[in-house]
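Next come two complexes, and both contain chain A; in the first it sits with chain B, in the second with chain C.
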Partner chain A sequence: MRRTLFVLLLLAPGLGLVLAFVSLVLYVAVSQSFGLYNLGGDSVFSLAHWQAMLGERRYWRALQYSAYIAVTASLLAVALAYPVALLLRKPFRGSLTLSALIKAPLLVPGLVAAFLFVNVISYHGIVNQLMLSLGLWDAPVRLQNDKNGYGVILLQVWKQLPFAFLLLSAAVQALPDAVLLAARDLGAGPLDRFRKVVLPLTAGAMQAALVLIFIGAAGDFSFQAVAGPPSVDSLATLMTSVQSTQGDWNGAAVVAVTLMALSLFGSAALAILVRGATRLARG
Partner chain B sequence: MSAKILQRLLVAVLVAVMLVWLIVPFAMAILWSMVDPSTAWTYPDLLPPKLSFERWWIMWQTTSLPTAILNSYSLAPIAALLTALLAAPTAFAFGRLDFPGKGLAQILILVPLVMPGFVVAIFFASILLQMGFFARYPAILFGHVILYLPYAVRILSVSFGQVRTDVVNAARDLGASPWQVFRVAYLPVLRPGIFAAFLVVFILSLEEFALAFVVGSPDFTTIPTILYSYLGYNFIRPNAAVVALILVVPNVLLMLGLERLLQSANPASVSGKG
Partner chain C sequence: METKGTFVAYLAATDIGMRFDTFEALKGVSFTAERGEFITLLGPSGCGKTTLLNIVAGFLKPTRGALTLDGADLLPIPPERRDSAMCFQSYALFPHLSVRDNIAFGPRQKGLTATEVAKRVNDLLAQMALDAHAGKLPNALSGGQQQRVALARALAVGPGLVLFDEPLSNLDAKLRDQVRTEIRALQRRVGFTALYVTHDQAEALALSDRILLLNNGVIEQEGAPRDIYFKPRTRFVADFIGAANLHAGIAEAGALATPFGPLTGAGVATGAVTICWRPEMARLGPAGVNSLAGIVSSSAFQGAYTDVFVDAAGQTVRLQLPGAAHFAPGEALSFHVPPSAITTVADTAS
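For the complex of A and B:
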């Protein structure tokens, strides 16, 4: 009994504080989406805020857009990180430099990355100049804030690739050599070895990478605000503009709950789907 | 043989891509930050016609940049110190004790890592409004401490786990007081972990944007929020370049220091015993 109390006392300032804060934030967000804990006016339970937000086109577009960015960015980052992690499984000359280069974006804050990127692709930026001087383009092309969000996806991949790389390379390096050599002895080519040996044995790390990147990309504000298509909002930019320009906390709460639901269920669904696909690929 | 050549080629291509990926963007930012305000850098000049640090000087004197730097660089060490202190008891429990529900507790501490930053920021602001708490500096400080507790707890748990029980017992047998036990058996093993936790929180607090932006609006500035102000509606490229470099350069140096620390956070090298 005294021991339990001792452990609880130890956990209180760290874990306790974190849990109290997170549950309070969640509680207020969910309550405000149903009209409770209002900052102005009466606090009555109502579904009106959900009805109003669900009736808005920009809400659905934001949900669709955030889901699209999150799925594309997480799949791309994992797909790119796999071959690099496999290549760097065994050390070779220059492998340390290479892995340091891959991890470098971890050192760059998101806003700085977004600025560097729009700077490079701006109308008279270096990419346009290069394409003009090579004669590939006749006139500068407007690359910034493209309407498909390719710029945002590129930034997400740039920023998230190191995470996927770190998780996957830990898993890939833990693969026993004996297993890979045995597969080779039994006549499996590189593709078969990847499909039937590497993929199933590293699926856990891959799922973790997918989930983390999905959640990070779904909640993105900075990349969308700086490099995203001007005609669409991401859920985070929509939530912020609903709250700050319209002063509508309840509407913002609806978007917040939506974003958390997308993070939770979207990332889980993606991880399960990809797991299923790797099972199929194993044959 | 051909496989080896293929691999070399692949590596060469990768290195080239990574260089373009990193060096070109940074070179452009440095050039833009050094464009002399008297002569604009316009198309089709390949390089700025005149380079100077004039822009840096003007920004220092006429914008709220010094305040932002002061805010960021005072928030970061205080947040780091508080976080490390608050994380230590939980880390001790995770690293040295066994109790029912420990596995669950170790997962729950990570919850802030998967919460969307802007959701936390906006509803933290809402709670503050309801409480009538309008002091933004302590509010942001508190937010940073909570958000980065998971990192400090994780790092310090590992350190606490590396403390050797036989050394602790030996110290006790020899009649050491609790403080002496801590100094002799714990502190030498914990030290790199404490520094690493401090540095991680310091870096994360420096670059934190969502909370500082939402809770600090409209006029509390940190380095990231001032950078954002130059990237939004009034996009001023040279100013943004200056602030971006002010944000990223110390960050890179600190991270390299952190890498060193994490490599040295090895019990054998600290306690002198394998």
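For the complex of A and C:
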């Protein structure tokens, strides 16, 4: 009893702050989406804001789009981080430099990277100039703000790769050499070693990476604002536009609650699905 | 193993060298093993045993030398396609797989059908008395059980050659003796060739058909356990295997001039030599030849014998005397060593 109390006391400052803030945000957002806690008028419980938003096409498109970016970016980042983490499992000449390079995006603010990227791929940017001078393209190609959001995905993957890499390297480095050698000794080639030994033994870290990246990418504002397709919003850009252009705090709260729900359930669903897929791959 | 009339050993290593950067871990090791033979690589920690075993397994490529199995060049073949299986010092079981799936890993990898795999796994589970644990994960097993799973997993691929890297070093003494006996019995029954690495001389003496004694990346002596024990060729071999009394002496016409006075030995060397005799060959009391006397400096009762350290002629000698007699420090003791028990050894290899 005294022990439990002591542990709670130790946890209170850190966990307390986090919990207080999360519950405050949740409380305000959920209340506002139901017309309560209203900044611009009477506070009355109402389903009207949800009904209005759920009736809008751009809301559903934004939800779909954010989910698509989050799933694609997290899967790609993890898929790219795995081989690098495995390659860097054992030190070699230049491995430190390589591992520092992978982590470099952590130092560059996302917005800066997005502007740089848009510059590079713009109509008169380096990429177009290069392709033209090499004679590969006859005329400049419009690459910026592509309608599939490839630019945003590329930026997301670039920005999120370090997280996937850090999580996966820790897991991969914890694999005992002898266990991998044993698999090899018993007839497993590189692919079989990966799917039968590495993947199941690092699945926890992979899930953590997927969840983190999914949540980061689902809530993206800056990449979408700078490099995203003009015809569609992400949930975050939709939220600001609903609030700032229409002054609709309650509508924005509906989007905010949707974004939190997507982060929570979407990332969980992805993590569970991918775990299931690795089980199948194990054979 | 008659191939076109010429004799080819089952496993043959010729002049294997291994260099890590500037460090030469193996300096030209050659040996052979016949089918069904139990060969032990014995040597102190760091002498290159694991390196040599990893080269045979295919985990390492030697910087020089040749390696053949059944007459075929082994070096270009990756470990996953070699007819050998390794029992690792750490067991290296797959922690996410049950005992059954651990054992089934190799057979499945070799593409056996589900029924073949099940039959092989069930046979091994029964042989190794692991039936009751088939569904458990490795971390739910005791060290001895994990050891048996590792062995079963290696045997499941039906390898011609089984490689052991200090497989008993993580077991307690009593279990070690038991598993040692089991491994040897299993090897005789199944008939695989064993290349067994250990730093434990008792293990090597008990298990092996032949011992390769490795020191500093070279084989210092190779032979049957009794030969290695009773006819050590170098000071290192004598000292590493069992206990030995080693003293400088001069050999001339069959007689040995030693710090203890003239002794008669079995050696034929002449000139400056190192004389060597085993502590258990000493006998209490004086005799016609090789009688020595000294003062007991310490003694330790070991059950089967008593270890007695005696100061004689300014040297410390060690005797292992059977029986229940006490030897108190300060006590005068006379003993003798039969001439047949005294040999001479070289100070260094080659």
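The rule is simple: the second predicted complex is superposed on the first by the 266 of 283 C-alpha atoms of A that agree within 3 Å, B and C clash if a C-alpha of one lies under 4 Å from a C-alpha of the other, contacts with A are read in each partner's own complex, and residues count from 1 in each chain.
Throughout what follows, a contact is a pair of C-beta atoms (placed from the backbone, for glycine too) under 8 Å apart; a residue touches a chain by one contact, two chains touch by 3 or more.
Because the structure is a prediction, the values reported are computed rather than measured.
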Touching partner for A:Phe165 - first (chain B), second (chain C), both, neither: neither
Touching partner for A:Ala178 - first (chain B), second (chain C), both, neither: second
Chain B versus chain C as contact partner of A:Pro200, first or second or both or neither: second
First, second, both or neither for A:Met239, with chain B first and chain C second: first
Partner chain in contact with A:Leu106 - chain B first, chain C second, else both or neither: first
Partner chain in contact with A:Asp192 - chain B first, chain C second, else both or neither: second
Touched chain A residues, chain B compared with chain C: B
Chain B and chain C footprints on chain A, overlapping residues: none
Contact set on chain B toward chain A in their complex: 7, 10-11, 14-15, 18-19, 21-22, 24-26, 28-29, 32, 42-44, 46, 86-93, 97, 99, 105, 108-109, 111-112, 114-120, 122-124, 126-127, 129-130, 146, 149-150, 153, 207, 209-210, 214, 217, 224, 227-228, 231-232, 237, 240-241, 244, 247-248, 251-252, 255
Chain A residues touching chain B - in the complex, by the definition given at the top: 3-4, 7, 9-15, 17-19, 21-22, 24-26, 28-29, 32, 37, 39, 84, 87, 92, 94-95, 97-98, 101-102, 104-112, 114-120, 122, 124-126, 129, 158, 212, 215, 218-219, 221-222, 225-226, 236, 239-240, 243-244, 249, 252-253, 256, 259-260, 263
List of chain C residues in touch with chain A within their complex: 57-59, 78-81, 84-86, 88-90, 92-96, 105-106, 108-110, 153, 157
Residue ranges of chain A touching chain C (in the complex, touch as defined): 176, 178-179, 181-189, 192, 196-197, 200-201, 283
